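In the two assemblies presented below, chain A is common to both, partnered first by chain B and then by chain C.
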Partner chain A sequence: MSALAPFAPILTLSLGSLGYLVSGKLLESNKSSSLFAMALIGIAAYLTFGLVPSSIAIEHGLIVNSFTRFFGALACIGALLSIVATSGSVGGEKIGMLREYYFLMITSLCGALVMIYASDFLTLFIGIEVASLALYCLCGAQVTKRASSEASLKYFLLGCVSSAFMLYGIALWYGATGTLMISKIPSSAGTIAIVSFLFMIVGLAFKLGLAPFHFWVPDVYQGAPTSVTTFMSCVIKVAAFAALFKVTLSAFFLPNEWSVGVLWVIAVLAMTIGNLAALQQRSVKRLLAYSSVAQAGYMMIGLVALQNDPSVLASSVFYLVSYCAMTIGAFSVLSAVGPDADDLQDLKGLVKRSPFLAICMTLFFLGLAGLPPSLAGLMGKVYLFSGALASGCYGLAIVAVLNSALACAYYFRVPAAMLFQPPATEIRVSVTPQAVVSIAVCAIAVVGLGVYPEPLLKAVEAVAAVLLAR
Partner chain B sequence: MEPVISYIGLSALLFTIGGIGLCLRRNAIVLFMCVEMMLNAVNLAFVTFSKLVGNLDGQVAVFFVMVIAAAESAIGLAIILSVFRSVASIETTDSAELKW
Partner chain C sequence: MPIAWPPLSSLIIIPAVGALGCCAPFFSKKMDPNGKLSRLWSIGIAILTLVVLAALARGATIAPGSVLALEEARSWIPSLGISYHLELDGLSFAFCLLTAIISLAVIAWSAKPQSAGAGWYSLLLLGEALVMGAFLATDLVLFYVFFEAMLLPVLGAMALWGGPKRLNAALKFLVYTMAGSALMFLSILYLGWLGNSSAPGVVDAFSFEITNLASKRLLNNSQEMILGIAFLLAFAIKTPIVPFHGWLPDTYREAPHGVAAFTAALLGKVGIYAILRFMWPLFPTFMVEAGPYIAALGAVSVVFGALVAMAQRDIRSLLAYSSISHLGFCVLGLASLSSMAMTGSIFLAFSHGIITAALFLTFGMIIDRQGVRDFDSLGGLAKVVPVSAFFLMVFSVAAVALPLTSSFVGEFLILMGSWKAFPQWTSLALIGVVLGAVYTLTAYLKTMFGGMRASTPALGRDIRGCDAMILTALAAIVVALGVFPGRLLDTISSAVPMQAAGSEVADNNLGQGFVR
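The block that comes next holds the complex of A and B.
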């Protein structure tokens, strides 16, 4: 029994989520069901982080070490913040089935945790599927809205294809090594290992929304209810990055120059395509979606530059944390402005309608652009780019710096519209207290992680050390 | 050794047919069938490799893949139904409200 203790967060979520299915009238209202979800995720967040930092592995299944603790806690906290921020506004989004809505959110988080904890490819795949299947449904939660079901169909079809690719990669890996464990690939594996690597990278790049496999990202981010977008923009990113780190570092450890080349191309494409496409968006949700493609590209720098300077991996994880705070914050503000707030028009003159939201949103956008006073984004970018330079990836560093300069063009548009343009209506935005708390936490994180980064830096270095241990 | 190679070849062929179908067809249910075909190609590869490497891990994996494929079809058909209710068509070209 004690052997199962480290996996308590997964058990809490999976068993707790059953509560929604058997509770009858008890969890029918938005208030009670959202409180139950927050409680469950809160317990899970405590369990991921509060347990002793021992390293335990159940054969053929799950593993616990400081890497899984860090990513598990990050996913749980992200989920908690996004649910707290949006719990007040889901009512306005015309989601017909609130109990099922929270049930699916918790199931999805549970799948994300399984992805993070997985120590063999089959478990990893099951985690991916549990997380994604729940999200396909969540994207279509606004059954009366056409864009919502369309987003869910697109996400479902493309997601299934990416799963099939991932799975074929796993089958090839099994053929090459004779095991499903995520362990170092033997050097005898040969060509089949390279093909397997490519298939898995395609599958994971889909889930991460990295170009050139990003086509679903803008449609799904825009079509899905804002509360769901808030959730997925953080939780799925975190879990998929954990899976990517596992696959590339623990299994393949970049067998040759050639596979670094593949990751280099994906990183450059994601940054450039994401930023270029975001330039011409009027919809804030689409803009943030394309920006997330570009940001994922920045985070790939850690994997590409790793060979010459392993410390850059820690910078990638640091950037992931600050990105999560910024993206949850930005989508939460959008959801607080209104259930259908999407066009730039809706944010015009927000500073007159709700100064708090406008100032926080400005912080988040400046952070995404990498400018002060949102120091977390700035520090993250400085660490990443200087790491890339230090390890001799000059081309990559130049592309990244040019891209972040280009990105300022569209990141400035939203704060400018909020602060300097007249509002379309004078109606004040009423923000629920939960949303205020959650957005304030994100804003404090965005500024605070830059002012006082030492504790986080120490944690991400420990995480990188686990990944790089051979 | 010979039959093993041909099974792998068949699996790769099925996977490719599924992939080509995805590129060419526009009917959501046919697209979904193509994905199912790709998943079955994976199953065939798993079983063949299991025979080849001489342990049962691959055959166990097939059961998991089958269960996941079943869950996928349940959810997929529900999503296609809900799209049909709002668009009155399951051609993916008719669901084009979201673009650029």
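The block that comes next holds the complex of A and C.
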């Protein structure tokens, strides 16, 4: 039995999700099915915290250590917050199949957890596929809306290509080393290892939406129902970053000279292209999508600037946590405003229609821009950029800081529209209590993680130390 | 005497709490339709802040010969070496005093934007709290937080109650400032890391404490130059110095009068303050070597600002460009290697803050009442609004630095001090003095005397009551500091040599009794 313990959160989710398929009328309404989903994820999150680090599990394809526990908990909490926030507005999104909707969401989270806990490449790949397949369907959940189906198809086709890259990278790795375990690369691997690394990076960069593999991001973020976007923007990012850290650090022994160059280019491209493209957007969802590309670029700094100093990697993890709070919050607000709220026009004068939403949204956008009083973003940048400087990556740090100054130009537009422009309609936005709770939690996190970041700083340093343990 | 209550934080906490208090339900539009209650509350808060500041300074200097130096330090984020460290010395005191006075004046000023209620006072108090924080912080990251944050209430007030193109102006202001401070942000982090470089990998040794960083002398000359330029860029944009003033005309044209006064009097001063507070101790070699260039920028700002101001038709644009011109003097003084000129710079910055706020507020009231803002449509106002005309005269002659006004003392000290180091730039700035007199007095004559224009409405309420009291108080400060500058000068100069100690600025001829 103890050998099964590491599987507990994953088993809870996968077995629990079967409940949707056998429950018949019981889980038909939005209320009961969302409550069931919340309960499942809550149990999974609880079990994630309770896992004991063990080495037995390696043989079963999963590994439990403080790194996987941290990311697993982050993914669960993110999923929980996004489901709680959007459960009230899902009804308005005209999603015909609510039971399947929550089933798919739980399946996707389950896949994400497998990605996080995986200790060999095959398990990792299975996790990626489970998480992605469920998401492809979720993106098209709004069957009556063309953009939703388009997003689904686009995500599916591009996702398949990225999976192919990933799979081929894994095959090459197997060819080079003769094992599928995610562990140190033998020094004899040579050229094949480089090619394998490149293929895997391409595959994961697709999932993360890093430039130049970001073409699906704006269309999918915009076309998918906002509730799905909320879920995806956090959970998939967390899982894919966990996979990326694992692949690059545990297997490929970063830093080495050929890989850092590749990652540097990806990071710089993601920051710059993401920010430049976001400048042009009028759709808030597209704006946030491009901003997520840029933000993922910032988080890459931790990998590029890595010099065996856990604090640099820890800064990326810290930033990921604060980013999750901001992005869940921002999309939840958007979802609370209305099922089709997307254009900047829809947010005009929001402060008159719902002061709570407008103020929280302002906090999230200030956090994304790295401005006070949302200190989590600012402290994340302090940590990240000082890490880059400490490793001597001056060029990267300068590009990043100029990018974050540039980003203020478009982050400013959303709060400006909400606070300073007259509303198009006077109708008040009614916010469900669960959305209030979830958005408030995100807002408190965005401010609180900056005002009192010590516990999180300690935690992420421990996480980074595990990753770098050789 | 042990004080349990955090003494320096209270300067930040009191206005911040006051700002929060403005959101209380009994200040809402329903209970308080004219904003009278919230105005009274905010005036009370602003007065309380001023009193606390005065009491703190008095308490610290009560012993004869003691130098003002109060400190409050507690750890904030030890893992990143960021501390919550505030310090009040003579230099900070001058600017905190200015902040408290100007905030009180702007809050108590009766004319506010039409639709503004408690939110107006809330943002102003918040602005006061954050500017205070910027003037008190000695931890670089803490300073950066305040430096960025103080922009937000100003932007908010501007975007809510500004002119027709207010959103564009606000965006421009934000982007300029962010672009300027981005590289400073990076430089701060680099400094913090260098301070730690003796023990690589130990993050706990990070420190952003200014005295700590300065005493370590971490930088070689080329590093000093790169980081110095990054810092200078941020402060040059904030001040602003030509050619980094692109945001300024739009901001002052579109902002409500109170916000324009607040920005001109306080936000720009943070740049001046920070050059002396942070740049001299951190980059002494750079400041000495780049001194001629910085002085040149200052002198060019003086002349350029004056020339452009002469060409303006809009009163507020004129005030905006005249600010560039006057602050150019301060920059010139800060770059020269003389503690006399530095003291003069701070003194002039103080005096300019008072004068420019008074001018913005008074002209703002006239503009609002007459409904026009360029000189061509105004004239003969001295007959319509004699009291305003009187006050405007006082502040206009103070602005051109007539003897017996505070600006005279400041400009005189700057010119005296910088003459030895940069005679060429000082003479250039002297031309600016003349030009300044020309445009200021022309503007005054055009609007106040001359024939009444057809479009000038004959009816106009003059300044009275509370506003007259405010202007009287400000005028009294300007004249009192012009006649008896000794006390403030001593306070400032007690802190100045310490700032520039690293660069061996030796001519400490601003001893006791120099001014008296």
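Assume the second predicted complex is superposed on the first by the 458 of 470 C-alpha atoms of A that agree within 3 Å, B and C clash if a C-alpha of one lies under 4 Å from a C-alpha of the other, contacts with A are read in each partner's own complex, and residues count from 1 in each chain.
The rule is simple: a residue touches a chain if its C-beta (ideal position, glycine included) is under 8 Å from a C-beta of that chain, and two chains touch if they have at least 3 such contacts.
Computed from a predicted model, the values in this text were never measured in an experiment.
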Partner chain(s) touched by A:Asp309 [first = chain B, second = chain C, both, neither]: second
Chain B versus chain C as contact partner of A:Leu109, first or second or both or neither: neither
Which superposed partner A:Pro453 touches (first chain B, second chain C, both, neither): second
A:Ser149 touches, of chain B and chain C: first, second, both or neither? first
Partner chain(s) touched by A:Leu122 [first = chain B, second = chain C, both, neither]: first
First (chain B), second (chain C), both or neither touched by A:Cys137: first
Where chain A meets both chain C and chain B, residue numbers: none
Contact set on chain A toward chain C in their complex: 309, 311, 366, 371-373, 375, 378-379, 381-383, 385-386, 389-390, 397-398, 401-402, 404-406, 408-409, 412-413, 416, 419-421, 453-454, 457-458, 461
In the complex, chain B residues that touch chain A: 8, 15, 18, 22, 28, 31-32, 35, 38-39, 41-42, 45-46, 48-50, 52-55, 57-58, 60-61, 64-65, 68, 71-72, 75-76, 78-80, 82-83, 85-87, 92, 95-100
Chain A-touching residues of chain C, taken from the complex the two chains share: 77-80, 82, 141, 145-146, 148-149, 152, 156, 159-160, 166-167, 170-171, 174-175, 178-179, 181-183, 185-186, 189-190, 192-193, 196, 200-201, 203, 206
Touching residues on chain A, where the partner in the complex is chain B: 122, 125-126, 129, 133, 136-137, 140, 143-147, 149-154, 156-157, 160-161, 163-164, 167-168, 170-172, 174-175, 178-180, 218-219, 222-223, 280
